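What follows is a single structure, written as structure tokens, with notes after it.
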Amino acid sequence: MSSPRSGPPSGHTGTMALSVDGHVVVGDLRLEASLELTPGELVAVVGPNGAGKSTLLRLVAGLVRLNAGTLTLGGHTVDDGSDRGLVPPHLRRVGWVPQDRLLFDHLTVAANVGFSPRTTDERVTALLDALDLTALANRHPGECSGGQAQRVAVARALAAEPDVLLLDEPSTALDAGSRQRIHALLDDRDPGGRRRPAILLVTHDPAEATGLADRVVELSDGRIAGGLRP
Amino acid sequence: MRPGTFVLLVAVTVGLVIWLTTIAPDDNSRPLRILVASSLSEVASDLIDAWTETLSSEQTVSVELIAGGSNHLVAQLRDGAPADAFLTADPDLFDDLAAAGVALGRQETGLGHNHLVVAQPAHGPTRSPIDLRDPSLVLVACAPEVPCGGTTVARFGDLPVDSFEASARAVVTRLALDEADLGVAYATDVSSHPGLVPAWPQEPICPCVSYAAVALSTAGTPFVAFLADDRAQSILTIHGFPVEPPQ
Amino acid sequence: MTGTGLRGAPRSVVAVAAAAVLLLALPVLALVQRAPWSGLSSLLTRREVVDALGVSLVVSLLAAGIVLVLGTPLAWVLARVDLPLRRLVRALVLLPMVLPPVVGGTALLFALGRRGLFGQWLDRWFDLTLPFTTAGAVVAATFVALPFYVVTVEGALRTSGEDLEQVASTLGAGPVAVLRRITLPRLLPAIGAGLALAWARALGEFGATITFAGNLPGRTRTLPLATFQALESDPEAAIALSLVLLAVSLAVLIPTRDRWLPTR
């Protein structure tokens, strides 16, 4: 079940941005998760491939349902293991950046970033500017490099004003320069002029985890364990 | 085995199978093939039975009966389909066949006549001749290109037809299913089908269709010759084909 | 486009493929060879040819329209929804493809004819009859063409997967918005290809049309029906009608069918 966790970074009291305590079974994989995130906190989840890290993110995003347990976002229960208590993805305020990025090829970069109904034109412009994407605004994702596409995906998720941002291996397969830019972006507490959401970052690179995160959590044998300060 | 060799082997096998199943058997072993207009299909099978009874045991042969619209059958014969005899409602078609070199001369045998009747489904409401021109009723008739259609036009002129069928049998089917109110078909078809009745009392009058048979090969000649026999003529009468045309 | 040139391909495979192409091309070549080219223009302007072409175009285009409206939701449900009897439904959808068209037409007659299972109510309550009308020909054409469209679109939906739709929903787009902004725009190539196939099938339909809708010039006599009829009495007109069908079909199929199933 839950393991001892070190306290929140700044003695934070009040609603957790994310709180999950339960388990999910997907095919052969059984994942037990017990985790809390305070608003603005960046938590990295490390573990070997296939351990269930992506499943954890899909669970928070609402693409996978808990078999039993509770998942709350901003204090509201969005998943209690039943069909009735399940809040669908489009009603949760999460931003999901999957490993394949999954940009919309048939739309321009600007249209991708501005896709969410929750965002505004001003916010889109601010994000494009903050992430150095203004020059690509009218291009299509097919014309972007790996690093550019990654920034577009992150901008798209941020534009939706999420309370929790879910990043699945954001800098794998990127060259060193792009990786640095992504890290700089994630370090910024104020991207595009707004307070940073809580971030759940999945990576198999422990160095990246300790370099960016407020806390590092290990996922092994299908369980989330620990909450170690770097 | 290399993939190319395998593909070649499959192709050769398929080709062999196709060739073996389509090579025509020699004349002695193939059955006698008789083509008839669809309205004649029942009487033709009785005629064939009667004829095969007259054959001695060494002469017995299997007979294949193929029925269809006369024009359709002629088209196939013109294009070289193998057959031994042809029975039809349009003796003019024999000219086509002779021109194509298919018929063995014009040795015809008259088979009798058939006249047209306006029919309706058996349990329909009472109708009268004015209803034939009523556009709100569903009327079916043979297409003008087939013998019964040509005769319909000659007899009734221009009718408000809702569908031109490929044969008199198709007209009968529409009426039998009660999908049409009135139809123009052969008297023999109407009288032999329990689901149809003449729409009003009608005298048999012409223009009529005449049936005739022609031999298409030496193997078919004995059968065609048999049709002139008394026995054959009585079978025709039993099926409602008057041998003499009505006045 | 990837692929080896003709030279690099194994020769025996190419040889058999060439035989297959020959099987398909030979009847077309024979048709063109027998065509009465000198009298063709007067044949093509004949009343019965123009009538048949008109009926065929109206019937096939209306059928294509109905197929689009009915077939798209059906394809979506088959691909995306976990139906309890999915196998049965899919078999039903494919049935008109394997059923001989005349059987299909007969079944339609028993269902929607004047005395049909459902048709008798149409007749009694709405005074609506389908047999012997152009609407009936449209119904017959729709019946045979629908599976071609559904199979194409469903295949494309399955191939493209739900990933992008999932991302769109996490960004806040509800199910209808996802359909409108992601699913349908990406599906357009498959919809176009499926429609072309369905339309071509509707254009060539014969058995179901003649059995269900009947045969009347100007109302239900489509090009295939007119060709069949002309074959018996006027072969030259039959060839002219066949050439019209051939030309119309090729004109639509050649530009739109570069691949069987458009991939993303």
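Order of writing sets the chain letters: A, B and C. Residues in each chain are counted from 1.
Here is the rule we go by: contacts are C-beta pairs under 8 Å (C-beta built on N, C-alpha and C of every residue); 3 or more make two chains touch, one makes a residue touch a chain.
The structure displayed is predicted, hence computed values, not measured ones.
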Most widely separated chain from chain A, with each centre as the mean of CA atoms: B
Innermost chain by mean C-alpha position: C
Euclidean distance of C-alpha centroids - chain B vs chain C, Å: 34
Whole-Å gap separating chain A and chain C, where each centre is the average of the chain's CA atoms: 47
Interchain centroid distance [CA atoms averaged], chain A/chain B, Å: 79
Multi-partner residues of chain B (each touching 2 or more other chains): none
Residue ranges of chain B touching chain C (in the complex, touch as defined): 3-5, 7-8, 10-11, 69, 71-72, 74-75, 138, 140, 143, 145-146, 161-166, 177-179
Chain A residues touching chain C - in the complex, by the definition given at the top: 61-63, 88-90, 92, 94-96, 98, 100, 102, 104-106, 115-118, 156-157, 160
Parts of chain C lying in touch with chain A, wherever the complex brings them together: 163-164, 166-175, 177-178, 181-182, 185-186, 264
Footprint of chain B on chain C - complex, ascending: 10-13, 15-16, 19, 109, 113-115, 129, 131-132, 210, 214-217, 220, 229, 231-233, 235
